[in-house]
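After the structure tokens below, expect a handful of questions from me.
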Amino acid sequence: MWLQTSCELKFDITFPTPFILMLRARSGAQQWVSREEYRIEPNVPVFEFSDAYGNLCQRLVAPPGPFCIATRTDVKTSDEMDRGFGAPFIEIQNLPDAVLHYLLPSRFCESDRFGDMATEITAGCYLGYDQVAAIEAWVRNNIRYEPATSAVPASAAEINQRGAGVCRDLAHLGIALCRSLSIPARMVVGYLHELYPMDLHAWFEAYVGGRWYTFDPTQPELRGGYVTIGYGRDAADVAIYNQFGPPVIPIVQHVEVQRLARPD
Amino acid sequence: MWLQTSCELKFDITFPTPFILMLRARSGAQQWVSREEYRIEPNVPVFEFSDAYGNLCQRLVAPPGPFCIATRTDVKTSDEMDRGFGAPFIEIQNLPDAVLHYLLPSRFCESDRFGDMATEITAGCYLGYDQVAAIEAWVRNNIRYEPATSAVPASAAEINQRGAGVCRDLAHLGIALCRSLSIPARMVVGYLHELYPMDLHAWFEAYVGGRWYTFDPTQPELRGGYVTIGYGRDAADVAIYNQFGPPVIPIVQHVEVQRLARPD
Amino acid sequence: MWLQTSCELKFDITFPTPFILMLRARSGAQQWVSREEYRIEPNVPVFEFSDAYGNLCQRLVAPPGPFCIATRTDVKTSDEMDRGFGAPFIEIQNLPDAVLHYLLPSRFCESDRFGDMATEITAGCYLGYDQVAAIEAWVRNNIRYEPATSAVPASAAEINQRGAGVCRDLAHLGIALCRSLSIPARMVVGYLHELYPMDLHAWFEAYVGGRWYTFDPTQPELRGGYVTIGYGRDAADVAIYNQFGPPVIPIVQHVEVQRLARPD
Amino acid sequence: MWLQTSCELKFDITFPTPFILMLRARSGAQQWVSREEYRIEPNVPVFEFSDAYGNLCQRLVAPPGPFCIATRTDVKTSDEMDRGFGAPFIEIQNLPDAVLHYLLPSRFCESDRFGDMATEITAGCYLGYDQVAAIEAWVRNNIRYEPATSAVPASAAEINQRGAGVCRDLAHLGIALCRSLSIPARMVVGYLHELYPMDLHAWFEAYVGGRWYTFDPTQPELRGGYVTIGYGRDAADVAIYNQFGPPVIPIVQHVEVQRLARPD
């Protein structure tokens, strides 16, 4: 399907404020960007670079006054995400070098502390995709989706105790559980068609059967319409924006995803 | 200044034909892409990746029949390119690791064969920018710009003998001469505002005084309005498209660059 | 000074066990490896690769039975580490792209939670090196060095509460405090001449004044004799070995650092 | 088999002379370095980095006077190189991104000019490994191995005309022919056990059937005992040393490869 995604952020800046943005969806194996706009007002100099994960990031210094960032993207994405029941666990020695990184614990995914829990959740599963599907189902059924109640970001261990979280929290828990079983897992941020309430979204991917598969514990079942903005080890790597200096709160954060009437 | 660049390529394909395209201008230190379209008809699957130089490339297989690739980009670029007379030669031991690559000879820049000639052209120059400026002037004054007369690509040594060439040929000769003096130099392809006749363009950059500077031996003097699509060691690295299998000739190659009435 | 470092690890393996090792000190800007041995017994196939930080890593599967890894390296390193009092804070917009990564929170360095504490510790400091020196001194004076009492790795926040830790813990706290002030900081593992008790060691580096400087809160004052094995965001990235499957405990871990009588 | 390779280079330096060396064999998928020495006399500062192909390179400035570089390596390598008759041609659209680079023409491999010749040489071959084997046999039988008669490096096209060359020349011709058929091919430099006369050696690899295979047109038949120092597009990328400034000729270049009496 063809989607048009848009994201508008507005700030009221007091001091010159450095930002690193990650708002440019890239074409890749799973999506094709055919049209894109990226407006910054006022129109300050912007420097773009690729981070260690291949995400396109933009650096700028926002001047005092109203500051607006607006992106809009026409992108073709899958009508349905692939499922891979039966796709086998890949033994460590056979994983590609570039994937090993996603086995390590990270800021919000303390995979070093979830071994027993993951083993229990996946007891009896065929090793690989089916384990990840069991983890996804467990998170979906045991961690309540709840709009953010705290400004302090929580880690997988904290979310597990709390029993509730937002999309990034559920993804973190899924990732931590996978890695504790030596299954590479990574965070994805982006858009999802018909997400309710509409906002930026986060989900995760796990590497089984020789490729990455999509999992989303916040949705009742996996469907299509995902648009990726960035990949990373967890939310620390894929913030839509990192802002430095005295904190600045967005006064507007508006996200839209519309289906385009265009043949595939 | 703000420019809108567009490029349209049309082919008549007989057999399924793999292409690797390099037609996506990237935002970077010297330009900002605010809007972009990339249309492919028919709409086959496309896979995008970054090559070894950081260029965004697109892979696809064109099906038999008419095949069209069309890109359009709104981009902010400099009104004037920086000149750097007096910028010093950087000694090899002080060059950044990532730049060393651009000292080596390459397919179309046999820098190993231009040492004496470069020494002669730059005799008496202060080492660094002024040497490159002397090389640029020498190429401008001694190699006649001439529309392509042969389908076989020529190297710097061949162009030097022939005394004439197209923009990529003049750039190759400039690059080969710089490298023979241990000055890193690289090829750039992209667009130039008010190029006549309008087409895709090629020029070069040299690394002196701790940064890359732009040089263009095809133009009477350096002005602004350059839009970069890709960087590489020479034209072999930055083909707008590489096509594999039986050769396919574009039946249309249409390029436009328009100035947008937009404040900077 | 010239040092000979050696590290011997012995395991008693029950099941075929995948390992990823990071035990190959690399020559770099700050050290020169002139001789190196890397013995693995029994002599199974080993595959070497560079990780995302440029560290050389070795992959292998240890077979059941006794398993030994032994490395020995002759390396030239500095007699004294540079200090840089007065070296200025580099504003975010001026940091190299490759350094930005080291501003982010990571598994064991929850820099998102140390802003107030770091501001207090560094109150009145000139921005940059002097802030990091104040952090190093604070950690040295307030966190007791204490041999490991728990198998569970602790994070900077946990160590700060506990008031005691091993070298990696003190480094994590230093890193978290630096990053919370927007100063890039990274973990280093390796050897230190005359460390007591002798073992592998961990310290940190901070990026101020346009380069990386060494800090070590476990030592009463900074001296020379450091040999780097690997760099990373924190201990999760630079484990000397990651082992997968049922846990395997080393039955021997023997480390030596000897000064070689060789002119510099 | 276990080999001990050594290489000694001696220069008589007049002016301070920057060098970039590539003399550190790396452990990798096909060899394991268990012991290594790298001596530089006098003992100037050396900076090591990885180039764009992953080769470890060393930068230094040689001071006036006698200058010596000596490396010695104990390395385990294959007794026999794999052959892969029947391994299929990989279609462009299925090649890994990182391999595409090796399809392009390069300084000494003008693959853009060998299409007809390669088609003729491989007429009737099953597409893939068998084509490369036919190319290897053709070069072996038609280009006479001849010690270097000229200081000026020759390209594949020049060697083909001349009908004679050294090992790097034969490899270049093999590579150019492969690439003209859209088979990725790369240059390898290193050591070969029982090469006669003993020296550094060059051969090539081609990517068919989903992996790299070794080919060596200078040897009557493929055997084991290869030790890789570096990979690149051609000799321009994998010079054992690049020296800058007024040319400096090695007064000694001594290479040895000895079999070690060690069980595999």
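All chains are identified by letter, namely A, B, C and D, in their written order; residue positions are counted from 1 within each chain.
Here is the rule we go by: a contact is a pair of C-beta atoms (placed from the backbone, for glycine too) under 8 Å apart; a residue touches a chain by one contact, two chains touch by 3 or more.
Heads up on the chains, UniProt names are A, B, C, D = Transglutaminase-like putative cysteine protease.
Keep in mind the model is a prediction, meaning the values are calculated, not measured.
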item	value
If a chain touches chain B and chain D alike, it appears here	none
Relative to chain D, chain with the most remote C-alpha centre	A
Copies chain C and chain D touch via same or different residues, half shared test	same
Copy-to-copy rotation for chain B and chain C - C-alpha atoms, rounded to a multiple of 5°	180
Distance from chain D to chain A - Cα centre to Cα centre, in angstrom	43
Chain A and chain B, separation of their C-alpha mean positions in angstrom	36
Where chain D touches two or more other chains, by residue	49
Interchain contacts, given as pairs of chains that touch	A-B, A-C, B-D, C-D
Contact set on chain A toward chain C in their complex	18, 20, 49, 51-52, 57, 59-61, 91-93, 97, 100-101, 103-107, 109-110, 112-113, 152-153, 182, 236-237, 242, 244-245
Chain C contact footprint on chain D (complex, rising order)	26-29, 32-40, 43, 45-50, 54, 56, 58, 76, 263-264
